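Shared chain: subunit A. Partners: subunit B in the first complex, subunit C in the second.
On to the complex of A and B.
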């Protein structure tokens, strides 16, 4: 191969698709999309995506790195799996959307105050504390995610619902103090730390 | 010795004082009636549900589920794992499949598990309780045990997303699964077979982060149940149940509707049809009382 050819290949190499293939969960499937649009038409929150999945796939192939990774779109995924079961090429679309969202978070590219990204973080941190989700604290942190003032307002707005849930024994005030959890918390935390290290070590760098 | 025995993964919402404690209680009652012994996986952990992905990336997430499978393989040897929560089932089954397909990830998961002194073999089948009812037991046997047919109750069977996709029940369609309707009829109730929202998404975890967008979808799910003249909605999924039941007041306020329709679990239907009390069926756990079911339970 001539030097010029090599240089041209390098210049026009679509590194974002390679980046997605290497670093995004199930990213190696992106090139298989045939742009039929069934995923976009099947998404229950479809109308709220600035770029529906079909478009995201084409944007990845077109190298639109910033537009994709800073997009709010994949944060609209409700994990309903409609797109997965309907895709004629059997792309694991739900997982790719999750993967893109996760990758954007790792790179610090998530739009500010994206509510689902915030909720996901609250959920994960809540769960990692004791190995099981503490629903009471999860609800409270969610109310207070935008600060103390809005939190009080939100908590009051949902006060009746909370009382009804307690009455039905589906929420327990005692969860505020301690609450459910696994016995081997430290083992679980060490395990997750190790898993994260192993995954991070596999991550490829792209300029 | 019980007729059937499984390793049981109840999940975070099916604990005492948690949002689907009524699912937990009615599943216990149902299993007593069906002679099923559930052996809880000792020290099981959260699967991180369908929202954990964004903070816990792929391997940490899969390892969470791998820990549960490993614990089950160690303590509940040769027992299939059964989950009652759609998200628990999906996450566990997904992890098992992914780790079977990907040798590197399987090895890494085991390296991480070793930190907690565990080892994954990954040979255990992962089932949803609906599969136990429909496939292992079968509706004929379910029907034969009915003591109080649920006569005169019209039920919209709301299967939801994750009990149905991407795995679902073998032989059922993703677009129009019939097993819940068939179960409802086996128990002597009337199924709204033309209920068009049976697999519509309720927003899932986004009901918390994107309440307006989700409640718009929930509104459709409830409206369709009324259009089909349902007395109540029945579902296998704890998040579907909660989302469709608890936001009815907020939806009424926003859309000027008058929704007040009970949302129950299949396990509550079975418990009542098998002659158990309203309390055993955890009907006291409903925010919107399922009066017609309570009446049959009280007869």
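On to the complex of A and C.
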């Protein structure tokens, strides 16, 4: 168990809802859910979720901390925004799902080998290098995320698509060497670093 | 005029609205004067306009017309234009009833004209049996309103009536005004959040507010038009609207008798007894409280935190059990839901957030959360915003202990859970404070065999004789033939008609308001009381003029009986749906005009046909049946008699014609006030006269009845069960007489029923009684 997680349990011993309200982006909305289930019914991937959003909200109120934070449900969200559009109480459900996922990651509670979590991490690291997403490298790192053998297989499987993208100038082989970026990469990195420091300081309170 | 005026009959034929184009007006005129034997027959191109009505008025003034038939549109159209009260008048419907119900074709021309001629003959026959109705003069104008119950409902009714200039006698059983509301800490807010308030978790949403009861009590006490009787009950009510005599007695036995015009019963509710719910263990811990006891705890808290009753510990967690003992199919629990319990629990949960701080855990265990009324959804959001936790769950058991253990099943997560809390509040249902139901005994007998009936009656008598048995105390102590109190509709709530007249009860001039009528909150009770006060005022003015209440508003006729013919069979006194008829010392029926709703159910009940109204009697309908021309058998033109309830079936047929739905040319429709007024003799006469089929169209009967006179169509159905014997004795097929339930919306079905009968007749052949 991570130190931060221990601290959080201590801080919000009985009330997971308050913990979510304090630490999860848009978490203060959770209490406003009226359990109508429109979000769950609207989610195109709903049947693949162990706990659809309506249930997640109820579990938060019922204090089911571990079940919620270790769940891979919120990682299933594809940001289609159907739930937000339809929620009669106008809860920003998509954002709350991402907020929960982020919070779970901070506490080190993400399920092992959760592909969405892994992708998010690869995406972030890729983007932070030059301030722009390097599509070629992103694709390659995704192919090889599970090792060299599966990476080759995956790459060959997608080679036709890759060739076509090259032809259409949607992807350039030259990107492999460096690749394009923003004008002031170090400036961006400094900015992000500062934001991270502020966030860490906020969380540090609980250590 | 001092001498008895001679009768002069006049018929007025309107040729407007296409009547003149579709029908031979000359022939109509001839029918009225020759067959109808009218002294005076006139045509007018638009009878309902100023000139036309003036023509009639002039004839009344100058020609001495005493009886008039207006041959034009339906009696339901142009009511104001033809509002002629000073003579006997009837309407002959040849617009909706004939030309609009028939196609405008050459083939249909003959039967359409015959139809119109028949209706004219029938109306001319009817008018000869009618007299000008005039009020009985049994009562004058009595501007006193009696309000029973000094809670928020009763006080609102009293204030409303007093402000309208009527004097009010307000009787309260306890020693103080205010009822339950006086004991509340706060009330559920009356208003929703302003339009445009966002859905965000920090929106400004309505919160519990002051009850306002103190102001209301001082307004009542300071009103010169309101006389308050505390510690008092009603020990006797006799008479009728406009002339009630009411004994108001104090606990010590002092009695004052007041003359009262009309009555509002606002006796409110009591809570369902939590001792009947063993799983919630109410008796097991003082920390398990009812929703009313919760208000006392909040009041006791003053500015400090709310403490639990057992040891005075500050409450840090509270759980609300919604719908405790409500919505249940178990016999001794409430089959209904009060509907307002969720609002009340949100309000009380917010007490804790205010008094005990945000850290106080407040959980509401609901099954179906309902927050009706203006603030409803906003107040729910207000609870959520302030951190009240709502869980859709069944509370299975409450185990007392140092803190209470609540075992529940979470229905969203399908998960059993246990929580420990300091205090549990039970959301108990509202039980009406009604008097004993006058018809409870009858209802128990319904559907029983003779043997079971005898047993049940014996058991009822034994119960009544047993002095130790618990009896519901009467509230009004009416000395009516049909029981001491307002009849119940369902689950002990005093009845009213849910669709057509929610404020009326089955005792004219006595209006129920507030939670005694149905479960409701303060806001609704105040609206309800205002409505009841208006009805009470209306009834005072109606009674003063001898006018009927809903639905025959303004009717001046009332039933009388021919004493020499009466056999004292008591059917009229028993079957009157409104308890209007008492018995005098000689055991003859005694009519109370102001209690009567003029449905004629007594008339239909009377086996010796001695009951009649001036303008509606066995003879007025009998004459219509007789005057219709019955064609010879070889003409192959059947005649179908339709006795149609004037409230639903008749307007449905009118509407059918207006909408262009064809009605069989063989039908002859006679409106009746209620199917309950139908005399079996009409059926027998019609069959003997050669009608081929009879359809009786009444309203829906039974539990969800739509009969405007509550029991009329049910009574008719019961009586007509015996019509089979008549048919058998005449050797006629049973299909020739049918009783149908027709709603006002049945505009396709009502004409179809007539067509079905025409088809049946074609199959079984014409009646052999055509001579």
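We take it that the second predicted complex is superposed on the first by the 189 of 207 C-alpha atoms of A that agree within 3 Å, B and C clash if a C-alpha of one lies under 4 Å from a C-alpha of the other, contacts with A are read in each partner's own complex, and residues count from 1 in each chain.
One rule holds for everything that comes next: contacts are C-beta pairs under 8 Å (C-beta built on N, C-alpha and C of every residue); 3 or more make two chains touch, one makes a residue touch a chain.
In this text, all values refer to a predicted model and were calculated from it rather than measured experimentally.
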{"item": "Combined model on subunit A: subunit C and subunit B, fit or clash", "value": "fit"}
{"item": "Which of subunit B and subunit C A:165 touches, first, second, both or neither", "value": "first"}
{"item": "First (subunit B), second (subunit C), both or neither touched by A:17", "value": "second"}
{"item": "Touching partner for A:55 - first (subunit B), second (subunit C), both, neither", "value": "second"}
{"item": "Which of subunit B and subunit C A:4 touches, first, second, both or neither", "value": "neither"}
{"item": "Touched subunit A residues, subunit B compared with subunit C", "value": "B"}
{"item": "Which of subunit B and subunit C A:34 touches, first, second, both or neither", "value": "second"}
{"item": "Touching partner for A:80 - first (subunit B), second (subunit C), both, neither", "value": "first"}
{"item": "Smallest separation of CA atoms, subunit C relative to subunit B, angstrom", "value": "12"}
{"item": "In the complex, subunit A residues that touch subunit C", "value": "14-15, 17, 28-29, 31-32, 34-35, 54-55, 58-59, 61-62, 64, 89-90"}
{"item": "Residues of subunit A defined as touching subunit B within the complex", "value": "25, 44-45, 48, 75-76, 78-82, 84-86, 94, 98-99, 101-102, 105-106, 115-121, 123-125, 127-128, 131-133, 135, 142, 160-161, 164-165, 168-172, 174-175, 180, 182-184, 187-188, 190-196, 198-199"}
{"item": "Partner subunit A, residues of subunit C touching it in the complex", "value": "198-202, 361, 369, 380-381, 384-385, 387, 389-392, 410, 412-413, 415, 417"}
{"item": "Complex interface listing, subunit B residues touching subunit A", "value": "12-13, 15-22, 43-46, 48-60, 62-64, 67, 108-109, 111-113, 115-118, 161-162, 165-166, 174, 200-201, 203-206, 208-210, 213-214, 217, 246, 249-250, 284-287"}
